[in-house]
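What follows is a pair of complexes built around chain A, which joins chain B in one and chain C in the other.
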Partner chain A sequence: MNNHNENRAPKQTLTGAELIVRLLERQGTRIVAGIPGGAALPLYDALGKSASIRHVLARHEQGAGFIAQGMARVSGQPQVCIATSGPGATNILTAVADAKLDSIPLVCITAQVPLALIGTDAFQEVDTYGLSIPITKRNYLVRSAAELLRVIPEAFRLAASGRPGPVLIDIPKCVQNEAIEVGEWPAPGRRAPVPLPATEDIERAAAMIDAAAQPILYIGGGTIASGAGAAIRTFADRNGIPVVSTLMGLGAMDADHPLFLGMLGMHGARYTNEALDACDLLIAVGVRFDDRATGKVAAFCPHAKVIHIDIDPSEHGKIKHAHLPLTGDVAAVLDAVVPRTRARPRAGWRAEIARLRATCPLEMPGGDDARAPYGLIRAVARAVGPDAIVATDVGQHQMWAAQAYPFSRPRQWLTSGGLGTMGFGLPAAIGAALAAPERPVILFTGDGSILMNIQELATAVEQGVSVKIILMNNQSLGLVHQQQRMFYAGQLFGADLSVAPDFSALARAFGLHAWDLGDCADPEAAEQMLTTALAAPGSVLIHCPVDYAEHVLPMVPPGAANVDAIDHTASTTVASTKETRHAALA
Partner chain B sequence: MTHTISILVENEFGVLARVSGMFSGRGFNIESLSVAPTLDSTVSRITLVTTGDDAVLAQIVKQLNKLVPVIRVSDFNDTGNVERELVLVKVRADAASRGELMNVIDIFRGKVIDVGPESYIIEITGGEGKIDAILELLKPLGILEIVRTGRVAMFRGTQTLRTPEGKEKVA
Partner chain C sequence: MQPSRESQSTEAVLELHVDNHAGTMSHICGLFARRAFSLEGILCLPVGDGSTSRMWLQVREYDRLPQVVLQLEKLEEVLSVRRLPESDTTFRALATRHLDPEDHTAADDST
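Let's turn to the complex of A and B:
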């Protein structure tokens, strides 16, 4: 509700640009990431006079978008990124699309050429409104300064409400310059409350859970967005229900919790996918049945009834029929459903899970050697402890980290799940460090991904943030390589990165300290170097050579059922040798 | 299966692009489309015809409801409604064919709205079947051009498609 004392102010004349800054300040925005340009100059002039907003100058607009995303993923609050018109806008759109796919609250402000020039192919003009339609929850082309008073709070409300997502506001330069008299301020836009499902549906859910012998909780990014971590743990413990997670749901449940079965799907452990195959009730919470999670849909949980709890009703039945769809905030729905169920240990089902876990475990070769992928990830986790935030790029390193990192809390894990954007990691990690300066921030990245936003090393140094970059270098686009070896008869094409920069020297050129695990003769030396490097002040890069022949396993072939994964035993027949690879490259 | 869907939307910049973009982006079809403001000039009504099985139609309705400027969606399937299209037909009309042409126009309760020395323009409204039928009969006389609107639809009786109270959406 409007607090009139707070919102009414003596009339004053402000430009559109000053209005934007005041409205952002009223939203509680403390940091914005962006890059100026011709059409954004009035906004930047006003921003430069703000006492409470810190501007983080990215070195590419996509970096600015992902810095804001990193802040949003850590804080759960809408965060702001800014780009100028034309190429500034097109550059930032990848980060906006990424936020749409992962339901991240983002307010993207783009400058536009003056209204009188729109449609004339003016310098740095592009139809940002039209380009952003399919990748935003809502977008605006603002035509007058007065509209800003409605649009900016509404953008924050929409970004944060329901299923969160990105909102884009395109603001022509003349609107930024237009002076208007402002007497009353709108209330800041906040997340709107969501009603609970009907009581009879909540009771039906409880009855279905009580009737199930072998239920599984399948949790995703919606549990993180909703803050449902505690509700999930309570539910699992009280009812003896094993939990599987999507890539986006990691952290909602302790990785070492006895009921946690890890990530499901394409790179899930065999026992995880086998347990799903055996379940008779799938309790899907804040998930969207993504193809990387389900594999072949017809073969996914073939014997199970499905309860699907999600805030977005369009997810119900989109991919898989839900016997009971429940629309609502997932934490609130769980809080309503769980007390109506009968607490029970389900010893039989848990024994079956334990048997599956023992007979088809997740194999992590090299898990005790910090010079091998799994060992490296575990060693980093030991060194930085449970307070750390973990960001990744996209590829093999991302899947290894998802499989092996001991997550212990929501919002600990920042990864580009839906869009799978290489280049996400470094700027997202910078954003995380800005939003949570008290926490260690780790970035697992690859030699392919890091080069896609390497310029943000300059931003990291300029901002004085502390990001520990673990660069796993296998001299290739590893996941492409892996699939070419497994599914394309071993023809390796377009995925070789063996002609590469000296990454340690590159990091030093930007002003970071760098270490090279390749210099370590044994696991002890590697672990010692890791400990030293991770404890060093500021941002550092740790270069970690990885054998290009390492595969992420298990792997479900695209289009196949999850239970038909290729594992370490089977993959030896498809893995190529070093000689084959060199012959292919010759 | 063919469905007629009416959508009330905020009458604002870009709303049609967002609605039609949802259809193309998710691989749904639009067979015909008609858009105009309602009595409340801040609200427009989009009526479109689409095809799909029950699951596809359920997704179309849910995805439309998710769009922020969409106020209300109604799938007219089996609701007891009236549906009309309008077509203008330019037909060759010489001394020899005028008699038969006027017969056909009378039978279908069409109107001649332009008379030239060698052609008539005829206006016909009706359901899809009626319009297809008259076009079939006019073909032998020599159709020069047709222009056909998208389908519009309305509930029978006092039921209406209206903006609900408190139309502000959250997601």
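Let's turn to the complex of A and C:
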């Protein structure tokens, strides 16, 4: 490769701000989302002259962070968000923390007061570096324009390499203004290659898989990050191994694949958690044994040996002992392990799984009625087809969508898993639409969550993106009410949203078209309205009234074992026993 | 060797008595980072039952030293701050021991 010539350029004098823009262009950045302010003005002045970077003006810095996340989740490439110093920086940090917990590659640029003013409580000064330490993979406070030549490519490399994550670069205004002479450009920062585990370990994994009678593949967000969807499907098919997924892994496997058992854990189907209880080998791939997935850890897969494949070695043994920890890019590790195993149908184990599936299936009451939560989600999926990208907010609607949506592709599903941030959905959906303008983008949201970043409707309209918003309005913070009913003796407190705006009118005020499923007398009319609304051009809001007493079931009480889930039959009787209440408080 | 006039005038050692809780160290380091004060060296040892600690900070901030002390005193967990005389050798002794591979003072201590 002739990198050297490509990086050599006639000497030029550039300001730090111009350098930043050039370095972003060299990274291939096409869209950045942000909001300017005093300390960021030199950067914005330079951005305004870029021929190849489009700036998306968010209406709140958290929106900018989540727009960049939406682009990153869809493309798999690091994406950029920008905020000014002080309040701009503090506003954007929630989106940065969210990216950390879900391992999303993000480069967050914050402006800072001039170096000479740092430490003086200057106007809009906040210790962004200090605030971002625990929520970034790496953070920088840049002290000279020359440092940018190293820091920016390094930030992109770190965001994308190993376990992806957010990197924050705090750039003082004087550094943006400092002019330096540049003769040679650094190579753009790219994902670094990851070595394979030792051959003995790969062979041991294959031997353990061959020795297992009842193995299960437990897949998570790491399979999406590594592009391991095809490897997982091949493995499952070839070896007759059922697959369970975390919230973050949905889409890696077709939802209707006969070996797919859906989401495990707190809101997983009973048969899914029962199958895990019975397995003798857990092949954990790109997962971190999150408490929402494992339930009470001591009771999680109690009879199983564990092979844990992850790119981040610090995940091994963090929660559960791995008999065989394998460090590496999970797709590459699977490609090395699988051909060494014996292909077999495992008819007996599959028959046992089929029996469990038949005796304790995922119940979806109202699945045929587009006016009920499950029916609505299925009807939307039918109307938009398999090409759609699906974003959610956080709450009951999110879990219903996770349970019922027929996912068929990695990077189809955008949800805030680790941090569980209400307000994620709308800006993430806008980011998805910017990154993949050819695909339909759906957002399932709640009446609580949508209001947390409602201002981004203005961004959606301004940018001309097409986001179809399914607002499931149960006039409450539904998931809070559900837990209060189940674990706090039914005292509903602090979570009523019955005094609310007219959401359809609100959407129209922002310039969207709006429909109301509440106007439909029967399921046919509702399905008809959905089809019409989802086919309409531009962004639309479909207001969907949901009974405020609906629950997401099954539900494992926090702290309880997954097999002790409360389901539809038990939810009315088991609610708020002493034991579950205790568990919830633990 | 006599320390040069210059090093005497730019470096100071502060001795702090602090509450010993999980965030203390991070609050003190955070203060230096946030205020752009330069912190060259840090030593910390528990006192008595461990509910408080003594901390020594080597600081290269001659002009702003009074401001550094005031900011440190403002932290809730800092009980007292005292500047040690320039003759204090706490850091110098450690630094020379580390730098000189022939110096076995550490091992000799036990004999």
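As a working rule, the second predicted complex is superposed on the first by the 571 of 586 C-alpha atoms of A that agree within 3 Å, B and C clash if a C-alpha of one lies under 4 Å from a C-alpha of the other, contacts with A are read in each partner's own complex, and residues count from 1 in each chain.
Going forward, a residue touches a chain if its C-beta (ideal position, glycine included) is under 8 Å from a C-beta of that chain, and two chains touch if they have at least 3 such contacts.
Owing to the predicted nature of the structure, the values given are computational and were not obtained by experimental measurement.
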In the superposition on chain A, see if there is space for chain B and chain C together, and answer fit or clash. fit
In the superposed arrangement, which partner chain does A:Asp127 touch: chain B (first), chain C (second), both, or neither? second
Looking at A:Ala435, would you say it contacts chain B, chain C, both, or neither? Reply first, second, both or neither. neither
Return first, second, both or neither, reflecting whether A:Ala332 touches chain B, chain C, both chains, or no partner chain. neither
So, A:Ser161: does it touch chain B (first), chain C (second), both, or neither? first
Touched partner set for A:Ala293, first chain B, second chain C, both or neither: neither
Which touches a greater number of chain A residues, chain B or chain C? B
So if I put the vertex at the Cα centre of chain A, how wide is the angle out to the Cα centres of chain B and chain C? Nearest 10 degrees is fine. 20
Is A:Ile118 contacted by the first partner chain B, the second partner chain C, both or neither? second
Using only C-alpha atoms, work out how near chain B sits to chain C after the chain A superposition, in angstrom. 5
Where on chain A do the contacts from chain B and from chain C line up? 129-130
Could you list, by residue number, the parts of chain A that touch chain B in their complex? 129-130, 133-134, 137-139, 141, 143, 157-158, 161-163, 192, 194, 311-314, 316-318
The answer for chain C against chain A in the complex is residues 30, 33-37
In the complex with chain C, residue positions of chain A that touch it: 115, 118-119, 127, 129-130
Note: in the complex, chain B contacts chain A through residues 13-14, 17-18, 21-22, 25, 55, 58-59, 62-63, 65-66, 68-69, 170-171
